[in-house]
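In what follows, chain A forms one complex with chain B and a second complex with chain C.
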Partner chain A sequence: MGAARCIKKDALLTWLEEVGKSRLVLAPRAQGKSTAFLPFDPAKGISLSGLATSSPKQALIPRHEALLEFRYTKTDQVPAQTGLAVRELIPNQPTLVFGARPCDARGFTVLDRVYDAGAKRDVYYCARRDKTIVATVACTEPADTCFCNRVGGGPGDSAGSDILVTELDQLYVLEAVTQRGEAFLLEQKLPDATELADKAQAARAAVRAAMPEGDSLLGAPDKVGALFDEMPFWDGVAAKCLSCGACSYLCPTCYCFNITDESKGGQGVRVRTWDNCMSFQFTLEGSGHNPRATKSQRMRNRVGHKFCYYPTLHDGALSCVGCGRCIAHCPVSMDIRRIVSKALTYEKAAKEHSNV
Partner chain B sequence: MSENPGTNLYLPFMATIQEVVRETQNIKTFRVTLNDPEQMRNFRFAPGQVGQLSVFGVGESTFVINSPPTRMEYLQFSVMRVGELTTRLHKLRKGDQIGVRAPLGNSFPFEDMKGKNVVFVGGGIGMAPLRTLLLYMLDNRTDYGDITLLYGARSPSDMAFSYELPDWLARKDMSTVLTVDNGTPDWAHKVGLIPNVLKEMNPSPENSVAVTCGPPIMIKFTIQALHALGFQDEQIITTLEKRMKCGVGICGRCNIGSKYVCQDGPVFTYAQLRELPNEL
Partner chain C sequence: MGSQLEDLKTAIRQALPDLDVVIAWAAGPDGLAHTPLFITSESDVDLVQWDPRCSQNLAGYLPGLRGKKVGIVAKGCDARSITELLQEKLIDREQLTVFGLHCQGALDPEKIAAMADCGRYVRSAEINGGELKIVSSKGACAISLENGLLAKCFRCTGADAQPCDQFIGEHGAPPVLKDAPATTLDRLEAMSMEERFQFWEEQMGQCIRCYACRSACPLCVCQDHCAAQSREPHWVDQTDHPREKLMFQAMHALHTAGRCTECGECERACPVGLPIMTMKQALNRQIKALFDYEAGLDSEKTPPLFQFRENEEHIKERKW
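And now, the complex of A and B:
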C-alpha cells in the first residue's frame, strides 16, 4: 500500500467537515430505525457502528438519475415542424464515500466489471467512479448475517476501496489503496502513519481470524446452473418470498435498472432508476408474454445471476459480497446463504420418482 | 458500438421521420434518416441488427432495422402497435423527430451463408428482420444459391410489405410462396398454417440454411417442420425478441442465463438456442 495517514477519532467530524468544503461527503447516519449513506452534516454526526442498513451503491448508481434532458420546440418551417433538443447530463460531483464496509467496496468491483467493461463504458457510472473516493472502514465486529468470507471477501479487504480505514484504539489509520486514494490522502493535512501500517494490518487479520469460517460458496456457479430446470427446487426456495424487492434495493451489487421518460409541457428528462428483478413487470412484454412469469422463475434468475450467470461472465467472481443485508432486512426471513448451500448439496429427484 | 455522439451508450442519434407507410391495420413502417448527414453517411450495420427508437417523453423500444445496408437512403423500422411506445410511434408523421440508438446486437451470419441455398420462413411482423437479409442477398445475388421465401400472415390484410410482394413473386431469381391462415375470395395464394405449407414445399436441406422469425408458436412448429424435412439444428437460424431497456447488456432484462439477447443475440442458430437455459 501507499501513503498512510492517521486521524484521532474525536477529530473525524472536523476533518470530514473540512473535506466537505470541496466535495460531497456521503457517510452513514442513523435516521429513525435505519442507517443510510447521507450527505454529511457535522451537526448530525455519523454512525460507524456496524453495517449501514442501505449500501453506498447510490454514490455510483443513484436511485434516480437523469441521463438526458430533452425539449421540443416549434420551428419556423412551413408547415410547422417540431424541433427537438437533447442534452446529456454527465455527473461532475467530486465525492467522498466515508464509512463503506469492505463488502460494500467489493460491491463496487462487481459494478465496475459491468459498467466499465473496456469498449463498453457507461459514461455516467464512470464519471462518478472517477470523481469518487471510497474510504472503507475495516470491520471489527462482523454480524451474524455477515458472510463475506464465504464469497471471496473478508472483513478487512481493500478490493474496490480507494482508502482503507482501520481502527486502532483512539485512532483511525487511513491507507491509500489506489492512486486516486493516494492523491486524495496526500492533499489532506493529516499526520503520517506509515509506522502504524503493520499494526493496522495485524488488527484486520485478528478480526478475520475470529470470524467463523462457513463453507465456501465459491463453488456455486456450476451447481446453481445445473439446477436451472429443477423447478421443484426453485418452487421450494421461493415459496415464502413476497417479491417486495427489499433485498434488491439494499444489495450493494444489484444493479438492474429501468429507463423511463419524465416530461411535462414538451420538455423533460430521461431517467434511470433502480429496478427489481423479483417484480412481475420487470420482464413483462407488450404482447403480454412474460419469460419470467412465476416467482420461482424470478428467484431462479436472482440467485442465478449472483451465483452463476455473473460468475460465468466474470472469471468466477460472484456478484454477492456477503453483506447479509438481504438476510437482516427480509420481512419473511429469506436467507440467500441457505438457498445457495441447499443448491450445493441438492440431489435431483430421480426421474422415475418425480411427477413429470 | 456505433459512432454514437460522445460515446454515450444512452444518447441516441437524432433522426427525422421521412416517410410513414401503413402496412396493415396495426403495423406501420417508418423510414428515418439521421439528422447529421455525416452520421448518416458513416452509419454501418449488418442485416439482423436492431435499434432502439426513442419518442422523447414516452421512452424507447427495440426494433430491427429492416432495410438492408445496401440501401442506405434511409433506415426502415416496422412497428406493430402493441403498447405505450408503439401506440405513440404510430401517431408520428413525416418530419417528426425521434431518437435512434443503433446498431445494437449481432447479425445474421450472412458471410457464412455465402454459396448456400437460403429458405426464409416469416410469420406476420416476423417478416421484418427477414426482409433485411432477403434484400441484402438480392442485392448481392451471385453470392448465394437458391432463395426461397415462405411468408404467412393471419389474413391477406395482415400481410406487411404487400407493395413488394408482386415483385418478389415475379422475380426469377427467387421463389416466393404466400400463405394465410384465413383466406378471402380474392386471395390467389395458399391458405394454411406456415409449418404445413413449408412441408408441402419440401425444400431440400442440402447445402441450405433456413431463417425463420415470427410468433413463438409459429417458430416452434416451423422448427419441427424443418427437422422433419431433414434440416439440422445448425442449419436453422432465428432471431429473438425480448423486453430491453439499455440494449447494451447491463440493465438485466433480456438475459437468458448468462446470455444477453441485446448483445449476444438477437440472432441465434437453433443449435445455440438449445444450449441456452429454457427461459424464452
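And now, the complex of A and C:
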C-alpha cells in the first residue's frame, strides 16, 4: 500500500467536518431504528458499530436519480407545433464515502464491471465514481450473518476502496489503496503513520483468522446453472419468500433500475430508480405476458444472477459480497447461504423438496 | 415447552398424508428468529420449532395457496388473520387445518439484538424458562423474554388460536405484561397537525420502497397488481419524495380499514423499522367508535365496510 496517515478516534468528527468543506461526506448514521449512509452532520455524529442497515451503493447509484428535465413549449408561429427543451443533469459532486465496510467496497467493484465496462460507460455512474473517494473501515467483529470469506472477500480486504482504515486502540490508521486515495490522503493535514502499517495489517489478519470458516461458495456457477430447469428445487427454496424488495434494496451489488418519465403539465423529469427482480412487475411485458410470473422463477433469477450469470460474464467474480444484509433483514429470515449450499449438494435424481 | 412441541409434531405427522402442505416454523439463520417452514414430507416434520421466536404470522401464505389442502400452525393473533380471511372468503375453511397454540408472546429479534450486549456473532441461543440465553462472540448474556417481546404482545387480545381444528397444549390467558411501551399513535395524537405531518415526512424519508410491509401483510391480496407499482392508473410516481411513499401508506391503510387485525407484520417486516402500523391503528379506533367492530374475532360477522346499512347506530347522517 501507499501513504499511511493516522487520526485519533476523538478527532475523527472534526476531520470529517474539515473534509466536508470541500466535498460531500457520506457516512453511516443512525436514524430511527436503522443506519444509513447520509450526508455527514457533525452535530449528529456517525455510527461505526457493525454494518449499516443500507449499503453505501446509494453514493454511486442513488435510489432515485433525475437523469434529465424536460419541458414542452408552444411556439406562436404554428399552433400545432410543440417544442421540447431538455436539460441533462450530470452529477458533479466531489464525495467522500467514509465508513463503508470491505464487503460494501467490494460491491463497488461489482457495479464497476457493469456501469464502467469499456465502451459501455454509464455517464451518470462514471461521473460519480470519478469524483468519489471510498474510505473503508476494516471490520473488527464480523456478525453471524457475515460470509465475505466464503465469496472471495474478507473482513480486512481493500478491493474497491481508495483508502483502507484500520482501528488500532485509540487510533484510525488510513492507508492509501489507489492513486486517487493517495492523492486525497496527501492533501490531508494528518500525521504520518507509515510505521503503523505493519501493526494495522496484523490487526486485520487477526480478525480474518478469528472469523469462522465456511465452505467456499466460489464454485457455485456450474452447480447453480445446472439447476436452471429444476423447478422443484426453486419451488422449495422460494416457498416462504414474500416477493418483497428488502433483500435487493439493501444489497450492495443489486444494480437493476427502472426509468420513468414523471411529468406534471407540460414539464417533467426522467428518473432512474432502483428496481428489484423479486417484483412481479420487473419482467412484466407490455403485452401482459410475464416470463417470470412465479416467485420461484424470480428467486431462481436472483440467486442465478449472483452466483451464475454474473460470474460467467465476469471471470468468475460472484455478485454477492457476503454482507448478509439480505439474511439479517429478510422478513421471513431467508438465508441465501443455505440456498447456494443446497444447490451445491443437490442431487437432481432425488427430486427432493428443498426446505432451507 | 418440549412436550408441546412433540405433540405438535405428532399432530402434523398424523395429518400430513391428507394435506398438500403444512406451514410451520423451523430454526432460522441465527438463534434469535425462526423462519417459516413448508412441510411436504415426513422428514420435514423433524425441523419444526415452537417457542417465542416463532414471530412471523403464517396466515399471509394462505390466499396464495388457495385450492390446496393446507395445514397451518397458528398463534392467537395469527388466527385472527385466518378468521378475517375466512370472513372475506379469501380462503376456504374446508381446505384448511389449523393447529392452534397458546402463545406466551413472540420475540422481536431487532429489540433483542439491541439489548444483547454480548457481541454480534451469535453462536447459540436457547430459551430457558422466562429467559433467552445468548452465547455470542464476546461472551454470554441473558435477556428476560418479557423485555424482548414484540409491541403487539402488550396489546394481546387472545393468546389461544381460534378457529382451530387441533389445539396443542393447554389453553390459557394472554401473558400478563407490565410496562407496555407507549404507542406511536398515542404520541401522535398529542401532536398538532403540523407536527404530525413533519413526523411522517421524516419517517417516509427513510422508506426504501421495498414494499415488504405490503408483501408481509396477510390481508394485502392485490400483491402483484398493487396500485403503488402501476403506471396506469398512475397514483404514485417513482420519485423519492416522502409524499409518494406516504401516499402508498395511506392507500395500504385505507385498503385494510376495518380488516386489519393489528398483527404487526407490516412493522415487523420493515427493514428500516418504520412505525407504519400506526395508520392502521388510527383507522381501527375509528372503526371501533363508528361500528363497535374489531376485525378477525368472529368468522360469521361481515366486516362493516363490506356492507351497507341504511341506518348506522353511530353515524347520525340526518343530524349533520
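Methods note: the second predicted complex is superposed on the first by the 345 of 356 C-alpha atoms of A that agree within 3 Å, B and C clash if a C-alpha of one lies under 4 Å from a C-alpha of the other, contacts with A are read in each partner's own complex, and residues count from 1 in each chain.
FYI, a contact is a pair of C-beta atoms (placed from the backbone, for glycine too) under 8 Å apart; a residue touches a chain by one contact, two chains touch by 3 or more.
Model, not experiment: these values are computed from the prediction.
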Aligned on chain A, chain B and chain C: do they clash or fit?
fit
Would you check which partner chain A:Lys240 touches, where first means chain B only, second means chain C only, and both and neither mean what they say?
second
Counting only touches as set out at the top, which of chain B and chain C does A:Thr260 meet: first, second, both, neither?
both
Classify the contacts of A:Ile327 with the two partner chains as first (chain B alone), second (chain C alone), both, or neither.
second
Partner chain(s) touched by A:Arg121 [first = chain B, second = chain C, both, neither]
first
Check the residue A:Thr178 against both partner chains and state whether it touches chain B (first), chain C (second), both, or neither.
neither
First (chain B), second (chain C), both or neither touched by A:Glu285:
first
A:Tyr309 in the overlay: touching chain B, chain C, both, or neither? Say first, second, both or neither.
first
Smallest distance from any CA atom of chain C to any CA atom of chain B, in Å, after fitting:
7
Overlapping contact positions on chain A, where the chain C interface meets the chain B interface
258, 260
In the complex, chain A touches chain B at residues 67-68, 70, 72, 81-84, 86, 88, 90, 114-115, 119-124, 225, 228-229, 255-261, 263, 266, 268, 270, 272, 275, 277, 282-287, 289, 291-292, 297, 301, 304-305, 308-310, 312-313
Note which residues of chain A are touching chain C in the complex, please.
31-34, 36, 50, 53-54, 62-64, 141-145, 212, 236, 239-240, 242-246, 248-250, 258, 260, 262, 269, 271, 273-274, 276, 279-281, 327, 329, 331-335, 337-338, 353, 355
So in the complex, the part of chain C that touches chain A is made up of which residues?
26, 28-30, 33-41, 44, 47, 56, 60-61, 110, 119-123, 137-138, 203, 206, 208-212, 214-216, 223-225, 229, 231, 237-240, 265, 268-269, 271-274
Residues of chain B defined as touching chain A within the complex
1, 6-12, 14, 56-61, 82-83, 86, 95-97, 99, 216, 241-243, 245-246, 248-253, 255-258, 277-280
